[in-house]
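Paired with chain B in one complex and with chain C in the other, chain A is shared by the two complexes that follow.
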Partner chain A sequence: MGGKVTCTLGEVKNRADFIIYWGGNPADCHPLHFSRYTLIPKGKHVPEGRKGRTMVLVDVRETPSAKHADILLQVKPGKDFEVITTLRALVKNQPVDAARVAETGLTLEQLQDFVDRMKNARFGVLFFGMGLSMTRGKHMNSAAALALVAELNAYTKFVSMPMRGHGNVTGADVVMRWTTGFPFGVSMSRGYPRFNPGEFSTIDVLVRGDNDATLVLGADPGATMPQPAIDHLARTPTIVLDPKVTHTSRLARVHITTATTGISAPGTVYRMDEIPLPLKPILESPYPTDEEVVHRILEKVKEKPAWTPASYKEVPCA
Partner chain B sequence: MLRITGGRVYDPANEVDGEVRDVCISGGRIVEEVTGADVRTIDAAGMVVFPGGVDVHTHVAGGALNFARAMTPENHRNAAKFTHSPELRAGVGGTTPSTFATGYLYAGLGYTTVNEAAVPVLSARHTHEELRDTPLVDKSCCVLMANNELILDLLEEGETERAKHLLAWHLWAAKGYGVKAVNPGGVTAWKWGKDAKILSEPVPGYSKVTPAKIISSMAAMVDELELPHPMHLHCNNLGAPGNIDTTIETMKVLDGHRAHMAHLQFHSYGGDDWDTLRSESVRLAEFFNEQPNLTADAGAILFGDSVTITADGPWQHLLYQLTGRKWGNLDVENETGCGVVPYTYKGTNMVNAVQWAVGLELLLLINDPWRIYLTTDHPNGACFWRYPEIIHLLMNADFRRECIEKLPDKALKRIHLPGIDREYTLSEIAIIISAGPARALGMPQKGHLGVGADADVVLYNDDSDRERMFGHPRYLLKGGEVVVEEGDIRKMVDGREFIVRPSYDDNIEEYLRPLFEQYYTMSFENYPVEMERLEGADIRECG
Partner chain C sequence: MTQKTVENATCTFCGCVCDHIGLQAEGDRIVKTKRACGLGEAWFKNHTAEDCYPDALVDGKPATVDEAVEAAAEHLYQANMPLVYGLSNTTCEAQRNAVALAEWVGGVVDSHTSL
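Take a look at the complex of A and B:
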């Protein structure tokens, strides 16, 4: 089990007649998603636009996205994994226990209807947000959702996509992969990339206090990370590159103001479907770009004697 | 300025076959003679001198490969590690190496040019960003066209001429070098969960467009545009038992137009199902030998772990169902798709054993080495850094027999390899890893050591263990710079990117823009890759 069955957003626009949002509130968090990619546009094979599509919202509460949905399935908090597992069983016509299903806040009839609709879709898509991937079960929830979609392809065309956001997080992930071979949670402390989420991911490193300095680029961990991680950022030298004053810049030892990427600095942003878009600046800024600042820091670092392990030749396989 | 002296030179393009002679280099090119006090001399006594290797078909950069990296971190945990140093960037090897490691690993084989074989226009910007971070090798890209629905829509309406202009526009927009056709019609059918298995049947969603029509019209367009590389073709029915009929039918449909048949090993099977699968390499080679318009690469497999990455979405769904392993799928709007499934080829598995034999059989049975090239369809059949194992198998029939003895008995009845005694010569190896693919790519400055050629030169120890020999070059020169010395990478140089600018009617943009705005999800202005994205672009005007 594993992997991801997905597509670019234009495929959804041109083909999707059945759209699920699970654990996310795009009406507030991705406000152009409905109008640009999923619900409203007239697609090549969905010429009717909104009328040609059915939207199901699965969430623990009725968010502002609910008024855009044809069907709302309100799950009890923390029961997403159970719902997905039930759906996977129903897809394969396996028996399920109606009493256990009731604990999820949904009825067997609702779920059977949901499965019938999924199987009868011409082109289905499941978008899932942090309400699924960051609540009880976490990555197990995501894995179950991805597996459900993969298995539906035995019956019809079905794809999935995580609703990523937070600036250019997809771009950071993409570039890390091609430069180090891994998407995140990479340690270079031995001079070559090692990947171990839970050990080398940022929050874990900060909470354990493993690092003695932090460079923050295009992020505001002071606003979102757990308190012990924030405490460590405040305790040790933290350098922030950001156009604005942020929670992190307030606790940082150094804040270098940089030009805003996309407004006064060029660059590339990767969309949530990993399609790269060029950014063209429209205004001039008195501030340097993030790239210039990092390059200048790197030049200074290079003036120091090189740190290299005893042998920098290829390390043989473990 | 530099002189390589005392080595046995293999330069088949210039009919030099193992003669001891000097190779002189100045200004990044091969020259007749160098003189003066500042000429460095490399004593190549006991070594053989080859033109730098050229990989005609590999997957080293872009959205699909990066998707595979995300999916298979376990393949990199125990892979070769590259530690950063004042000269080198850090990285990992393994089934889908990081970009810098890819450059180092290719240089570590003596390769200096690679052709990335599958690039969607929509994410070509990403591919070029990665190629920019792939040092030591020159690069080119083949752009995925045979499932581009805007082009297929024109073929449906019989507007072949306009389709040609659109194809040329897309090739330039992607900053590509060649045209790639993957499972023509089948990938677009996969957008509805279907496939296109019969060449003469309409592609789902069309009434007149068949795979055969796509193949013949696109090959004709590539010839009319006078592109340096013929249409690069991944046939329908990849990997399926009995697909030999489709492959031969495809060659017939091409009707004399040029084509490069990619990873032929995956397209030469007989039988009706997995239990009756057998090698059809003899039939395929006999037919192929009579088709002078065609070239091919082997797409050989080796036993071990790999990850399969292809634009052939329906095949990958089947492979996922067969193996129960991870499955990645990424459909690209209006253009193409991509599937990723990790796979382990096992020497004890009958099907895998037949596949192993078929790759070698094609290399041994296709009688003109100028038309069949060494590839593994990296990382599909095996990783490119395992090429020396295949060279050893081709050059040593005794070693091959030892390997055949280890195959399962039921595979032996289904292959031809035990009856083949041919052994490759060094000159023939130089053709299949360098001179031949350079010619097929239409790169006159590559794959040879004649005056004016790029000074991409590799020096190997003349070692009877051919695997060790080709896996550890003593010296590698890239554009005249000594980058590998005594087996170590000593210097970092950036590669160039070869691109073509085919001629097309500028009015095609007026036709395309409204369709693009209707069917795509980015602005039209952002679609073409900007020249600034490329490092050292080498532009060839065509048509």
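Take a look at the complex of A and C:
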């Protein structure tokens, strides 16, 4: 399983007549998503706007987004993977045990109706949030959702898109992809990029105590991470670049105040559909930008003797 | 007090990255936003350009940026396995530099995506 069938939010606005939000609460977390990109705007092929679209919300509780939905499917917590797997079976007209479907908190009739609506859509889109990707099953849930959407393309046009949280986290994926070939969790310790979530993902690295120095920028792990990870940040040299003195700054050896991205610092950020947008800063900051400070640290490191992997000379040529 | 307005500014609070925000600034703070949501308005109004934090801190004591850059470079260079983490609330230009730095010091680079 893998690969994402996707599109831009402009296409969603102009084409989508069937919109699913799964494990997300855009009414609170992405307040302009409905009005700017998905439900409400009149699109070229959806001239009626909201009336021309159907919205299904799948979540474990009735969030404020529910009042924007035409259909609410309330799943039992931790049963998302089972629901998606059932949907994939129903899409392919496979027999499904109604008693086992009931364990997910939904009925077979509800899911069959959901599948019929998905297949009959002209242009469907599945937005999935952290309620799907960060709960029981984690990345397997995301993979199942992406597979469901890919398989629906045998019947109609269907796309998926993750609801990205922090401002430019999409940009981090994109930049790491075009520089290293991988989107996140990349180790350069052998001198070339290796990708292995679980081994090179931050919380795992910190909790195991694998690393012996940390540069933190555009994040405040001291406020959000599990305590063993925070303890390791305090135990080893940590360097923080942030517009404010954060929780992480207080346990760091080095803090450098930088200009706020988008308000004082210029540059490029990626929207959740991977469209790059320029920033238009309005205030002039007394502090340097992240870009400049990281560049200066890099230049200082380059002045020192070049680093090579410890094993470089020991590995015989094959 | 100097006044400034920007039309179609880009908000970086959430992944929507709305680029139709009207901003009005007086002196070193934004006083009015147009078309922003509640989260965006709070984001713009809570970040000022005031000089209210030390330029840098090294071991908890105020330092110059030069000293802090020097100390940061030394820590990362001396480490066997440095980690570069975060990258979400910053620009692609800074992210690109951070990846280059991670490569140069032979470390791990990771973002909020892995959480």
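Here is the rule we use: the second predicted complex is superposed on the first by the 308 of 318 C-alpha atoms of A that agree within 3 Å, B and C clash if a C-alpha of one lies under 4 Å from a C-alpha of the other, contacts with A are read in each partner's own complex, and residues count from 1 in each chain.
The rule we apply is simple: contacts are C-beta pairs under 8 Å (C-beta built on N, C-alpha and C of every residue); 3 or more make two chains touch, one makes a residue touch a chain.
Since the structure is predicted, the reported quantities are computational estimates derived from the model, not experimental observations.
Trainee: Contacts for A:3 in the overlay, against chain B (first) and chain C (second): which applies, first, second, both or neither?
Mentor: first
Trainee: Quick check for you: in the superposed arrangement, does A:92 touch first (chain B), second (chain C), both or neither?
Mentor: Once the two structures are laid over each other on A, A:92 reaches no partner at all.
Trainee: Using the touch definition from the top, say if A:181 reaches chain B (first), chain C (second), both or neither.
Mentor: Touch status of A:181: first partner only.
Trainee: Just checking: does A:219 make contact with chain B only, chain C only, both, or neither of them? Give me first, second, both or neither.
Mentor: Touch partner of A:219: chain C, not chain B.
Trainee: Looking at chain A, does chain C or chain B touch more of its residues?
Mentor: Ranking chain B and chain C by residues of chain A touched puts C first.
Trainee: When the two structures are overlaid on chain A, which partner does A:11 contact: first (chain B), second (chain C), both, or neither?
Mentor: A:11 contacts chain B only, not chain C.
Trainee: Applying the document's definition of touch, where does A:67 land relative to chain B and chain C: first, second, both, or neither?
Mentor: Neither chain B nor chain C is touched by A:67.
Trainee: Would you sort A:249 into first (chain B), second (chain C), both or neither based on which partner it touches?
Mentor: After superposing on A, A:249 lies in contact with chain C but is clear of chain B.
Trainee: Could you look at A:157 and tell me whether it touches chain B, chain C, both or neither (first, second, both, neither)?
Mentor: Only chain B; A:157 stays clear of chain C.
Trainee: A:278 contacts which: chain B (first), chain C (second), both, neither?
Mentor: both
Trainee: In the superposed view, which residues of chain A touch chain B and also chain C?
Mentor: Residues 36-37, 173-174, 179-180, 183, 188, 190-191, 193, 268, 270, 276-278, 309 of chain A touch both chain B and chain C.
Trainee: Can you list the chain A residues touching chain B in their complex?
Mentor: Residue list for chain A touching chain B: 1-11, 13-15, 36-37, 42-44, 122-123, 150, 153-154, 156-157, 159, 173-174, 177-183, 188, 190-193, 195, 268, 270, 274-278, 306, 308-309, 311-318.
Trainee: Which residues of chain B touch chain A in the complex?
Mentor: Against chain A, chain B makes touches at 61, 63, 66-67, 69-71, 73, 76-86, 88-92, 94, 96-101, 122-123, 125-126, 129-130, 133, 149, 191-193, 317, 320-321, 325-334, 337, 340-341, 488, 518-522, 526, 530.
Trainee: Hey, which residues of chain A end up touching chain C in the complex?
Mentor: 29-33, 36-37, 134, 163-176, 179-180, 183-191, 193, 197, 200-203, 205-206, 210-219, 221, 236-237, 239, 243-245, 249, 252-257, 259-272, 276-280, 282-291, 293-298, 300-302, 304, 307, 309
Trainee: Show me the residue ranges of chain C that touch chain A in the complex, using the header's touch definition.
Mentor: 4-6, 8-20, 23, 25, 28-30, 37-40, 44, 47-49, 51, 53-59, 65, 68-73, 75-115
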